[in-house]
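The structure that follows is given in the form of structure tokens.
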Amino acid sequence: MKRTTALSLLLALLFMPAPEARAQSRSETLLVVVELGPNSMDIHGVGANRPAYQSSWNLYDRLITYGVKTLPDGTRMYDYSVLKPELAESWQIAPDGMSATFKLRKDAKFHDGTPVTAKDVKWSFDRAVTVGGFPTFQMKAGSLEKPEQFGVVDDYTFRVAFLRKDKLTMPDLAVPVPVIMNSELARKHATSADPWAMEWVKNNDTGGGAYKLESWKPGQESIYVRFDEWKSGPLPKLKRVIVREVPSAGNRRALLERGDADISFDLPPKDFSEIAAAGKLAVVAHPVENAHAYVGMNVKNPPFNNLKVRQAVAYAIPYEKIFHSVMFDRGALLMGNPIATNTFGYDAKLSPYKTDMAKAKALMADAGVPNGFETQLYFDQGFATINEPAAVLVQESLGQIGIKTTINKIPGANWRNLMLKKEMPIYVNAFGGWLNYPEYFFFWNYHGQNAVFNTMSYQNPDMDKLIDAARFETDPKKYADLVRGFTKLAIAEVPRVPLYQPNLDVAMQKGITGYQYWFHRQLDFRQLSKS
Amino acid sequence: MTALLRHGRYVLGENPVTGLAFALFVLLVVLAAAGPGLVPYDPLASNTAEALKPPSRAHWFGTDQLGRDLLSRVVVATRLDLTISICAVMIAFAVGSAAGVTGGFYGGWTDRLIGRVLDTIMAFPLFVLAMGIVAALGNTVANIVYATAIINVPFYARLARSEVMVRREAGFIEAARLAGNRGPRILAMHLFPNCLPPMMVQISLNLGWAILNAAGLSFIGLGVRPPTPEWGIMVAEGAAFIVSGEWWIGLFPGAALMLAVFCFNLLGDGLRDLIDPRRRT
Amino acid sequence: MLRLIGRRLLAAAPGLAGVIAVTFLLTRALPGDPAAFFAGPAATREAIEEIRRSLGLDKNLTVQFGLYVRDLTRGDLGKSLTTGQPVRSDLISRLPASLELTACGLLLAVAVALPLGVLAATRPGSWVDHLCRMLTTAGVSLPIFFTGLLLVYIFYFLLGWAPAPLGRLDAFISPPRSITGFFLVDAVLGGDFGEIRAILRQLALPAITLGLFAMAPIARMTRAAMLGVLSSDFIRTARASGLDRRTVLVTYAFRNAMLPVVTTLGMVFSFLLGANVLVEKVFAWPGIGSYALEALIVSDYAPVQGFILTMASLYVLLNLLIDVLYGVIDPRARIEA
Amino acid sequence: MSDPPIPLLAVQDLSVEFRTRAGVVHALDRVSFDVQRGETVGVVGESGSGKSVTAFALLRILDPSARISEGRAVFGGLDLVTATEHDLGLQRGRELSMIFQNPRTALNPIRPVGRQIADVLLRHGNVARAQVRRRAVELLAQVQIPDPERRYAAYPFQLSGGMCQRVMIALALACSPSLLIADEPTTGLDVTTQAAIMDLIRELAERTNMATLLITHDLALAAEQCDRIVVMHAGHVVEVAPAEALFETPRHPYTAKLVAATPHAAERLADLAAIPGGLPDLRGELPPCRYRFRCERYAPLCDGPLPRVEVLPGHMVACWKPL
């Protein structure tokens, strides 16, 4: 019948091989496939998500940045101990150590051609500390709190006054938040209700960074093109970068393996271990600094307010089983040690915990609950690929010492809610800090100020004393003792049981070189090249 | 009774596909009832040493990421999946036909009111409504059943209403009314039984659809609570392993799901042939 | 005809009002607290309260509902926090993608299911009948996301026939000049054959996945309708007056059988719009389905409400279209309306 | 006497059975009769006696579950039973056509009546495409449909029962067939329309010397319209005779009862004798004479094979003890 011939013609047409894609533009364009794309181009925007940091990092300049160091295995990473110039050519710390003066580059321009001056830096920093939410919080972490601290000496000289001698202030100027915005362009779109032009900057590029924003279709893709007049560093090699959102992890892997995508960094650990083993693609692995996945317990309410019960849990956790069959060894095993392997103060011998069911049962008896109890085990559905199997393994092993748990898979929005309420008895979660200092990690996770990340609502004045001292201790020996002090206390009190340090794995075609690991765990396009 | 049996045998005989579907249905019911007793392993016991093994003599369907035996999980899941779909469809059938029949029989503003409510449910994108309900009330099995039931109510209500509207003026209804039966008795005794045949077909088609709906919810993370074995969740988990080559994790639960839905749909067709007077030449 | 459209729209108004109210309540019942979610991980309580106030979520429900309806009348569907854009512009830019995919899916399903249904009806009880039933039922028995992933695995990953599941167009080809927003239509208007082929290749797998899912109800309804019509009196007259097989089957029987099939097509189309939420997730298709799904999971109200409202109005428009189509095919409906 | 002319239609020992859920139904058993050119033959019997099945069998438009198990039906040199579908297709609607009982449902509800007539004309090709519409309008006029030009585009639901039947007739006579089978053409119509339709059929038949096979349960109508009458009972032809002879001297007990049960203007309702019993179940084992259970004249003799007795020339009766 004629209808079947029409159908077969259509099918043949569909499945003929594609026309040879424009090879020339392919070699200068990088295709990144991600699970979730940016929801804003403005790092100061309300609710800007992590992919938004990547856009801002590449679209904007900062005053200074970190150096680079090459690891024994040949991979490169940022060096948090070395600060290098970016927009600022040079800077001096005042003799009294209470301020820093930056000399700006004279030839730097914004994407729309207007020259970059100190007043842009002033406007941008004032914006960061007053707009509230996460950016203001991050600036405060480096004692950058008030607009009065920022002064314009002349068009190309900018001064920052310190509130206190905080060794985090200078490094905090190199994190994604303190960007330099084209204040003239932004102010044109500001209104009385929106003085900082949040609405406009969210969707537009007021930067002067190495890449300009070519187009952005939220929820689909964002395309960046090289800013050829960029002066704040060596001109990047890639002309164009496309970040395309592909929700299904399976498809992302298929795209990589068939060579249609160049780079991806949010695949499940199992895929990374198999891709690495296959060797067709290059996989760069790097344990995430100052981070760990943990089983947290609420120390305020029974049953986990009882230290013996917490220790029993610490001995019942199947560390190796989780690390192998959930993470496929992609990371570093911590077995109860709160400090990450590549963070100052790490000492494997400090933590006594390992999987020892007999000891765990004994501790349960000592705790006065030999036949255990019922409770609820929670995890964030957003990270279900890893947390769900881990929760199931934890549930099974805790069951063997009498702790019967039902698992609750909580959608993203509700997870933040429960974390704020701090009512979850026991849960699987993870945290990573940007600034690679142990006291910065403890300040967020163990300090009595009970920040949202102190999910266990653990408050112990001794712990607070140790952390606060360490934050402002300049003598290296005393600093080391303080760090050892609060680490041992955290292990003894075990409000949470650190499991492992996850990897930031990045899979890329063999032709991609120059990848560098950054603390914000996003891609820096500026060092990448594609042969 | 013998006439029905002979009639039944004729339809099954003449139409092997319906026969096959009926056999499948019996198998499913047996698995649901005796499943947990028959399985070689504990469906919840993890064994990481044996993780991600392909089908072998020890594990006919292979093992999943935590080393749990897939055959046991697929078999044990039968009970849960059948319960979800049967309960959901029964609720939808009860509520739907009650609404449809009352609407059709009494007419007037009750009919219009019920009609508007049905329109609202029908206007909703069905799957999104289910997602909303489960997301709002939490993903317990009961909520999944209610969500699946609500979105199926309009099908039954519409069917019941049209059947009743057609027969409302029929002679025997007038006679029953004259004999002093009040409204509800007429509805229950006379009108409702007539709606049953087309309803049977809708029920069987719906059963299949209800299971698929539960699977869809699992795929977006709103399915049954882990670690309970349920086909939808296992297919959703398996989906992530297709590209990496562990095809069996998703395939076997998918096959079980397909067989169940397949069986219900074919039963639906078979029932229609059984009931459709025209086919009874 | 206009009277029919007017009457139909009027009848749909209460339904739509119901949808608006239920959506509002449903989204407010969602467990998550968007303020907490969008305040970011390091937010303090005050930061969250501040965001809650800016979102207007601190007012009581009735006030919020009043505000919502007022905005609605002004066509303002609020702002999505996930994409940061006004919901209306998101929906407008994404709706063509969903409609194009669903329409192609339906077209494929119809192109296969109608002949199958007719074939099965003309040879009841034969192997063709059973094959048709088995085939279409198999299509609908697998969860749609699984069929999608399987097709990607086989046709893209293993065989390499299909293009990468990267959404509506290969990353390196720019979309056709947008006239209607429907890539296929724009490309045809643009006349660039290579572009049309690229778009069709990208549409192939997702459309087939959707099509497979829609085939069963269409084939089953066609078979039943054809069986019904073939045993009617006027077909016997047609055969008795010696009309050839094709005229009897197509012009007489099929044309009449189209009436119930058209109603099913309407129902299947609206059902597909709901089901392609999952297909969009698998094929990274930038449609309104995946958009609403993302928003639902993070309890971002505005897009979910916008999506449901769009779907509800699409449903009403669709029913209207079916009635008009019904009138075209069946003079009785047209003349009595 | 020259040897009898070759009949237009000769049906010999036609048997039909239906495969149903409850077993095989032997609907027709060795039915035989002839129709001469230009003659009007009536086929009468209670409903369910196989009258319509005979008609459908001739045109082979039986239900798919039916099967012609034996017999021949020679029509103008062609055996309708064994003819290929193609050859039969050429005959249907051209040489041999049929009209049905409920005219409104027997027409395509969503296609203008004129177009339906045009379809038949186009199919049998004896009218050029350009002329088809004019010819169809002429046909509508021929069957006395008022304002045929406008009615061409009308739909069946817009016409009355009588009007639809006229369209049916126009449809059937479009290619001036040599034999018209009319299956209960006037049942369900009011008496005046009934008479008009029957007159129309007879007038058109005479004009083209067309033979008519009138199937009806109304004996009075048959008597009035037909030259010869075939009486059927439970799939058997029990008696064939010229109309008057059948009424004056019915020879088969069943025919006699039928005649007695037919109201004449004169008689009163009370005199009408009902025929006891009902048609036998055609599925089970059946005695050779299927009227046996209802026949007072039954005798062991009747258990032999059913005879065909030529009691008078042209008057056949299938009974061992005719009246």
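Note that the chains are named A, B, C and D in the order they appear, and that numbering of residues resets to 1 at the start of each chain.
Keep in mind that, in the parts below, a residue touches a chain if its C-beta (ideal position, glycine included) is under 8 Å from a C-beta of that chain, and two chains touch if they have at least 3 such contacts.
Note that the structure is a prediction, hence the values are computed from the model and not measured.
*Asks:* Centre to centre, using CA atoms, which chain is the farthest one from chain D?
*Replies:* The most remote chain is A.
*Asks:* Between B-C and A-B, flag the pair that has more C-beta pairs in contact.
*Replies:* Higher C-beta contact count between the two pairs: B-C.
*Asks:* Which integer distance in Å separates the CA centroid of chain B from that of chain C?
*Replies:* Each chain reduced to its C-alpha mean, chain B and chain C end up 23 Å apart.
*Asks:* Can you check how far apart chain A and chain B are, centre to centre, with Cα atoms defining each centre and the answer in Å?
*Replies:* 45
*Asks:* Please tell me the distance, in whole Å, between the geometric centres of chain A and chain D computed from their C-alpha atoms.
*Replies:* Once rounded, the distance between the two centres reads 90 Å.
*Asks:* Using mean CA coordinates as chain centres, what's the chain A-chain C distance in Å?
*Replies:* 38
*Asks:* Out of chain C, which residues touch more than one other chain, so two or more?
*Replies:* Correct list: 30-31, 149, 153, 157, 231, 281, 297, 299.
*Asks:* Return the residues of chain B touching two or more other chains; collapse runs of consecutive numbers into ranges.
*Replies:* 135, 221, 239, 242-243
*Asks:* Among the residues of chain D, pick out those that touch two or more other chains and give their numbers.
*Replies:* 63
*Asks:* Hey, which residues of chain A end up touching chain C in the complex?
*Replies:* Its residues touching chain C are 1, 3-4, 7, 13-19, 21-22, 25-26, 29, 31, 33, 39-40, 45-48, 132-134, 137-138, 202-203, 217-221, 242, 244-248, 250-251, 254-255, 257-258, 260-261, 381, 411-417, 420, 444, 451-453.
*Asks:* In their shared complex, at which residues does chain C touch chain D?
*Replies:* Residues 124, 231-234, 236-244, 247, 251-252, 255-256, 329-332, 335.
*Asks:* Note which residues of chain D are touching chain C in the complex, please.
*Replies:* Listed in rising order, the residues are 59, 61, 63-64, 89-94, 97-98, 100, 102, 105-111, 119-120, 123-124, 155, 157-158, 168, 171-172, 174.
*Asks:* What part of chain B is in contact with chain A in the complex they form?
*Replies:* Checking each residue of chain B against chain A gives 44-46, 48, 51, 65-67, 135, 139, 221-222, 225-227, 239-245.
*Asks:* State the interface residues of chain C toward chain B in the complex, per the touch definition above.
*Replies:* Interface residues on chain C, with respect to chain B: 12, 14-16, 18-19, 22, 26-27, 29-31, 125, 130, 133-134, 137-138, 140-146, 149-150, 153, 157, 216, 220, 224, 227-228, 231, 270-271, 273-275, 277-278, 281, 292-293, 296-297, 299, 304, 307-308, 311-312, 315-316.
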